[in-house]
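What follows is a set of structures to go through.
Both complexes shown next keep chain A, but they swap its partner, so chain B is in the first and chain C is in the second.
What follows is the complex of A and B.
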């Protein structure tokens, strides 16, 4: 059986890094030269998608997908997220447009991902950032798990996956 | 019912008698989903077909003679229990200090440990968080004296208050059970605890998922987490004192279905095992 976890978020938020951190295979990447260095200063960026896997032996595997963060690739988002057990939205709080991006991605992805299977992972965040994020969600009438999370830290990512599993188990119980 | 009562009477510690609907009673036995308890001081016990809830003072239908015996002895224990007078939450006391906003200094009578709570940080001369949590938990507010002597304020530790209150709240089982175990109340969590960063266990993930997703009773929390009522209440209490908003609603009881036997559940179990959870 295949479980699917999708990493979403703006360019430079750490999606590729997160997949690199937890994937048990060498991630498949579609990197190209970054032509938007004025937005996020990194030499390359994902233009198709990232893909990694966690092997569950006889039970199957967990497929890890990273969507390209740029708006011009938004046509791919519903395709990649289809059938996912959950989505992890990564956000780098040190980026200038962080909260504008957050609102945009929440608005866009809740069109095709059940909000109850959504997690927000804030990178380079303070407790105030977490509070602010929770308040923004409350203003939208949404409750989502919000965590400080470093995409390079396997333990942080394990917590996120644990939350996704709990949410998925609850959907079996409640729906 | 009168005949059943006569049979078990020698085994009862109180002299229970059957009453009519219009009489004032100590115990009212109803049927879950059909009976509505009047708003009085009587202990209400609902009979249910849901066998899984039996351990928490609910009894199955049909009501057999031994179940009636258990039920009346259970009611006896509830009715004769002394109310816990003066049970206080030190976590709520700290919340109050932080909300004062003036950074007032409090010194512990015996240990000279001080705390100064302001906004989101607590400053202290305690050597670590665990020691401080133990000290606060084992004291009451009378053990802490307000001090104006700011010269002693040489903190060795600055702790995020939310994390400290979470740990403290998790220790206050008795207070939590008294405050949060309301059978008719539905609880809804408006933001999640920082599981992983704050001390956490696997059932807490389930409880956060449940109460973050919908308003639910303590009983539903017990079912999805495998914890007892006191532990679920303690979780809700810890959420509340650590600044997460917990809404309380009074509504009809929520419903939870038994999980379907599905391959997806076993693969989720495998995923958890893989992550070492």
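What follows is the complex of A and C.
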């Protein structure tokens, strides 16, 4: 069984880091020199996709995909999300415009992935950020689990994957 | 895109146009930063032709990035270019490194151009653009 999980979110939200942290294989990357360091100060950025894997032994594996976060790469999004069982949306709450980005990514990616298969992972978040996130989701008429999570922390990410897979199993049973 | 590159873009556009004049069968040339911003283009925006140079630049960057990763994964050595073969022509792209920024050069060829000529032209365009970026 191959489970496909996609990491989505704006540039600098930690998608590549999360895949690097949790993947059991050396991730496939498509990094290029970042010319927008005035926006997000990091040396490189993903221009194609990231790919990693987690082995589930006899149960198969989880394929981890990361999308490029800038809007100009939106043509890659339906290609990468095709067939995904779920999406983990990462957001760095310390970034300027993070809630505008949040709304944009929710609007865009619910076109490709069932909203009930989403998980929101907030990095550098306060309690009020979590409340605000839940309020925004409610305003959109959506229900998604919201977690505080560090993309460098394997344990945090494992919890997200467990929830995502459990949700998928539940949906499967209910259907 | 940096201020320097924006200022250089007009000169680079003239250089790309001269390539179109010089090499028969070369339909268009697009130069983008390796993170997907259009720097200059020639021939990629013709009336009634639905080509958006900005979008092509970004797509070329993703395509080239994936091609280089694939090449590395398959251990085929130094990449000379990535290609797409269509019934109406060929696309060849290549990464171009300078001290300041990395770039992707995409060249589009007419149906009449074969792979050998296209690769040779890409190399010529690569040399010319690299020279243009370094001067």
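FYI, the second predicted complex is superposed on the first by the 175 of 175 C-alpha atoms of A that agree within 3 Å, B and C clash if a C-alpha of one lies under 4 Å from a C-alpha of the other, contacts with A are read in each partner's own complex, and residues count from 1 in each chain.
Note that a contact is a pair of C-beta atoms (placed from the backbone, for glycine too) under 8 Å apart; a residue touches a chain by one contact, two chains touch by 3 or more.
Nothing here was measured: the structure is a model prediction, and the numbers come from that model.
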Partner chain(s) touched by A:106 [first = chain B, second = chain C, both, neither]: neither
Chain B versus chain C as contact partner of A:116, first or second or both or neither: first
Chain touching more of chain A, residue-wise (chain B, chain C): B
First, second, both or neither for A:88, with chain B first and chain C second: neither
Touching partner for A:19 - first (chain B), second (chain C), both, neither: neither
Touched partner set for A:162, first chain B, second chain C, both or neither: first
First (chain B), second (chain C), both or neither touched by A:125: neither
Which of chain B and chain C A:8 touches, first, second, both or neither: neither
Chain A partner contacts - residues on chain B that touch it in the complex: 120, 160, 162, 188-192, 194-197, 202, 205-206, 208-210, 212-214, 224, 245, 256-257, 259-260, 262-268, 270-272, 274-277
Residues on chain A engaged by chain C in the complex (per definition of touch): 28-36, 45, 47-49, 68, 70, 72-73, 75-76
Residues of chain A touching chain B in the complex: 1, 3, 54-57, 59-60, 62, 116, 127-128, 130, 134, 137-138, 143-148, 155-156, 158-159, 161-163, 165-170, 172-174
Footprint of chain A on chain C - complex, ascending: 1-2, 33-37, 54-55, 58-59, 61-63, 65-66, 68-69, 73, 101-102
